[in-house]
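Note that the chains are named A, B, C and D in the order they appear, and that numbering of residues resets to 1 at the start of each chain.
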Amino acid sequence: MAGSKRIRIGVLGASGYTGADLIRLAARHPNMELVVLAASSHAGKPLAEVFPHFTFIDAPALVKAESADWNSCDAVFSGLPHGTAQDLIRELPRDLKIVDMSADFRLRDVGVYHKTYGREHAAADLLGEAVYGLTEHYAEEIAGARLVACPGCYPTASLLALIPVVANKLVDPADIIIDAKSGITGAGRSLKQNILFSEAGEGLSPYSVGTHRHAPEIEQEIGRAAGRDVFVNFTPHLIPMSRGELVTCYVRLAEGVKPDDLRDALSFAYQPRPFVKVAEKGVIPATQNVRGSNYCQIGVFADRLPGRAIIISVLDNLVKGSAGQAIQNFNLMFGLPETAGLEQLALFP
Amino acid sequence: MAGSKRIRIGVLGASGYTGADLIRLAARHPNMELVVLAASSHAGKPLAEVFPHFTFIDAPALVKAESADWNSCDAVFSGLPHGTAQDLIRELPRDLKIVDMSADFRLRDVGVYHKTYGREHAAADLLGEAVYGLTEHYAEEIAGARLVACPGCYPTASLLALIPVVANKLVDPADIIIDAKSGITGAGRSLKQNILFSEAGEGLSPYSVGTHRHAPEIEQEIGRAAGRDVFVNFTPHLIPMSRGELVTCYVRLAEGVKPDDLRDALSFAYQPRPFVKVAEKGVIPATQNVRGSNYCQIGVFADRLPGRAIIISVLDNLVKGSAGQAIQNFNLMFGLPETAGLEQLALFP
Amino acid sequence: MAGSKRIRIGVLGASGYTGADLIRLAARHPNMELVVLAASSHAGKPLAEVFPHFTFIDAPALVKAESADWNSCDAVFSGLPHGTAQDLIRELPRDLKIVDMSADFRLRDVGVYHKTYGREHAAADLLGEAVYGLTEHYAEEIAGARLVACPGCYPTASLLALIPVVANKLVDPADIIIDAKSGITGAGRSLKQNILFSEAGEGLSPYSVGTHRHAPEIEQEIGRAAGRDVFVNFTPHLIPMSRGELVTCYVRLAEGVKPDDLRDALSFAYQPRPFVKVAEKGVIPATQNVRGSNYCQIGVFADRLPGRAIIISVLDNLVKGSAGQAIQNFNLMFGLPETAGLEQLALFP
Amino acid sequence: MAGSKRIRIGVLGASGYTGADLIRLAARHPNMELVVLAASSHAGKPLAEVFPHFTFIDAPALVKAESADWNSCDAVFSGLPHGTAQDLIRELPRDLKIVDMSADFRLRDVGVYHKTYGREHAAADLLGEAVYGLTEHYAEEIAGARLVACPGCYPTASLLALIPVVANKLVDPADIIIDAKSGITGAGRSLKQNILFSEAGEGLSPYSVGTHRHAPEIEQEIGRAAGRDVFVNFTPHLIPMSRGELVTCYVRLAEGVKPDDLRDALSFAYQPRPFVKVAEKGVIPATQNVRGSNYCQIGVFADRLPGRAIIISVLDNLVKGSAGQAIQNFNLMFGLPETAGLEQLALFP
């Protein structure tokens, strides 16, 4: 039975939000045992001091990454910020399987990395080894990988909506507009004035307009699906909710294609996949449907503009957009059922 | 001095949100005296029973519209729902000035009205008389009008962002995508499950995708500015906040036009206007900046897609998007300073 | 193993919030199979039409309670409103085990019921049979019961905080003040203006001051613990969040008793219980710690007023305060591990 | 007329929330002219860079407190944190009138100050001069004062509810429990993890249980009204909303006194006051009624516990609880109408 296999888990970045959601899910995963929790700035503290909602479980105390016993682990998840992740991951024992939730190993081209993040990559050799962890599209490579680079939350929502329709040449890959909306956990746990409750609440603000770092990542994968280089519009907005992400994708239909054809292509692509569901015609996805779960819901709509369509995709940015997809990948890497530990339904209302 | 002129005001639809915000502002307007508050379903009740935040002012009790003494008024504001508004407004004394905040007199073409609202217009003769109350663009006509049809909240935000750039032929009027986001007061006070706190909170949902009734209104005015018929994409989303509205407009630049040209055209158009402010390059508008105020803020940004730009516009849907703009129009109709009673700054944080 | 036993479940009131949370948990419970979902006003609809977050599971369509095949069930959970619950429960087959989440069978005295709810009880004979389902204090009776009346959310939070200290005569049972705060799901799914997002959001209001129906229920159980009749203050407040409940209990210490003695008594009482945790000295409970989980956290504090103390208790009103505790009771009634299907950790952030 | 008198205003602490709300109100006050805005950490920046909602007004740029030309001012408001306030205020020219919104000059006894704030007072001589700025109870002293120490937000809400009933010996001053709830702006603008949107939202937490620094301030004034030293319980809770404060006061009635007697005493005390309104019997105050306004609403209720009553008081913590009351005091100090610049109604919904 699934539950009988125990895999020892380490976590890098245990004091951030993606680290926390990884721990939340790992603590109840039938095959995981948490053995190392690293969070350098909080080393020595009990986990429940940093995240009081973990007061109800037994967990190892936080340690410095440098002094952790990584050899006691079978796999490591990293919830570190980009930049820091590569510095620590390259120091890990080579026989560990690694699931990285940062941006450090997502870009396949070191030049694009350099241009996007403004620094040299400190572990360029690992870039070649890393597999892009968009589970529904790279399951086979992921199953055989040692290092998986989980997509960003926005790329996950966007690519699940767009890859099947681009790959099937149903839309023009050069005319894609992605209006993206994210809950505030997407901004992380670092202290910034604009994410204080009193400032972010009851308000709505776009950010990084025209310049967000998830755009090159989306373009990389849309480009692969299209078979050529593309640019896409990607405009993110900060929404006054903690979790949840929704992308509204505006696409131009290829000659003779109808919105229903997009829905059919998406349904066909995801019919065998447990976590992505295409909504019936007329049903509008909402983040409430997926809050706290690993599910993604996608809907297709005709546009009022002739020859265009709208694809809407929702997920929980910390689960399917981060820790949940990380575990989904881990499950494949260790030969477990893809859904192990991930079957929680949305917490609604 | 401004304060010496007293104008007697009646309100139709005093128990809805736009009615309430009209009363909030009217109660402190230097030239207004509230004499009739009509709300048929609550006739006989004190205003503070229906809106407890009015417990601090003296106000007339609510009456039925049919039995109100409209002749005691100089002007009437209507906050009724569409459909109902036309039925009651056509019965008002002809010498009253009327500012309607519903959708009933916004569409200039009775055929478009019929198609959009699925009913015959009950006061088609008044349609010809009505002036479209987008203050910044029709100030002169408004000043001479008897009946002003205030734009919807979405059209106000969208048209303020788009009319100057369309009229100056800086963008392609056939390729406009308006991704719109509104606070939940935009859905009104009628009881619906999806706007309960427990369901709308901590969530985000698109609605009326491809079918929202504000699209024809936007097209009517964009079409006038462009000098030809157009379709636009208009996709609204419900945001978990009470007030505030933001539209993200994706536009294709005309040959040789740069994003900065759009900003210049907008700045030139609104430089003399007290309530619309174009943000400096790099400054991103946010609904927090205008909450509870009559201001609108507009920003222009280069798109990552070559040849395209993004225009972002924010306002408070109940103020500049409804009751505030109604008073702005009223001020012009009665020869008062445009800003009378409307100078409140945003309530932030 | 636990997972091998399948128990067929019916749900009354499947379209309300407690019904929905029961379904959410039941769908992932290792021993439950959902076979009947009754929601009379929505009979014939798929569950996902009424609760779109259930689009990801297969579930029976909604049926009328009257026409459901209750004999296909082993146990029935009722999430019906009080009054309606008793009418339907008394019609169920006698061999079904029943877990009622309404208020109908909580009061042991039919006279108190009559006085509190203003109606005759329609199933007074079942009152005698019903066991009060505060799991931590009546586990043995619950294990042998056919009909369990789950406590209200407020009584659960209050009684878990107070019973051990009253029973041990550490506080004066005649001087207990319970200032209670609840998220808005506590008000249910019925449409009311004050729970619209636009009205309940960004605001705070007490309700039922001095008259709430949970007071007699709390007094019944405090009275049992004290060995005499008592009155308690109970003052609820509506908090702008969906889930979560916190009671701040102000108590007068018995002669010679110190706040630490209260903490010790609580720790002793709950040390063997999986879902109630007493916070260490200085740690302040917060609803964030238990959101979406079946846990309850209790803290004890010295008061600035000499001879007094403060006990603070938090839980999720829909889980430990309703559906979760219902399943906890069900687990005992069917000889399953008390924690089966209930181990989800809080969804934070 | 009121508007003709121009008073030049300086602000210390212009980059905090109380400073911002002071500026918001001052910018529209008929008699104020903003001439100095000091915010040392942001010196040199335009105000709108620190608070973008001020982009719609002309305002002086931010300067260092040390280099500001205080002689160009007639009055100074301080929104500095406690501790810092006294250091800067003692350096101001002696002929300036000063309204301090910090805690530095509220405690009349330098020993209590020392004990409460754990430091020596740096301007003890000014303590003797300062008048406690609870406008409704000290109007005469305030009118003649040079330095006014505005009460904290919690003390304002609590004292307005309690002073009249204590002074009239209607309740036992030794048995007062104040369960207080505040919006998150009450925690200020300093960066702390627990006030991030993702952590404070959808949650509720008590803080400073038994130890909050507003308790001695409340006791000082209750003691004056009672004619003897008292302790009170004061337990604050953080509520997921930006603005608003509600205190639920649990009191023991004096022999023969009824709850209606409390209401009568409060109504009598506040009948002539423009900003405090006692709710009619049965009407429950809510923070929504006063959001963004200078009003305070108070209600009285019978308790279920015999011989006890409940007094509930609401206000906006940044307005009547801080900047609004500061301006109310300023108005008295300069012989202006008490309501000048303060008549905005609540922003609801």
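Here is the rule we use: contacts are C-beta pairs under 8 Å (C-beta built on N, C-alpha and C of every residue); 3 or more make two chains touch, one makes a residue touch a chain.
In this text the structure is predicted, and so the values were computed from the model without any measurement.
Go through the assembly and pull out the chains touching chain A as well as chain B.
Chains touching both chain A and chain B: C, D.
Sort the other chains by how far their Cα centres are from that of chain B and give me the top one.
C
How many Å are there between the centre of chain A and the centre of chain C, using C-alpha atoms for each centre?
The answer is 36 Å.
Let me have the rounded angstrom distance from the C-alpha centre of chain B over to the C-alpha centre of chain C, please.
Distance between chain centres, rounded to whole Å: 45 Å.
Hey, how far is the Cα centre of chain C from the one of chain D, in Å?
39
Two or more other chains in contact with one residue: find those residues in chain D.
Chain D, residues with two or more chain partners: 17, 183, 185, 196, 198, 201-202, 240-243, 286, 288, 291, 348-349.
Note which residues of chain C are touching chain B in the complex, please.
Interface residues on the chain C side: 17, 183-185, 189, 191-193, 195-198, 200-202, 240-242.
Which positions of chain D touch chain C when the two form their complex?
Touching chain C from chain D are residues 175, 177, 179, 181, 183, 196, 198-199, 201-207, 209-211, 215, 231-235, 237, 239-244, 246, 248, 250, 284-288, 291, 301-306, 308, 310, 312, 314, 348-349.
Chain C touches which residues of chain A in the complex?
Residue positions touching the partner: 17, 20, 24, 27-28, 51-57, 185, 201-202, 242-243, 277, 279, 283, 286, 288-293, 295, 297, 343-349.
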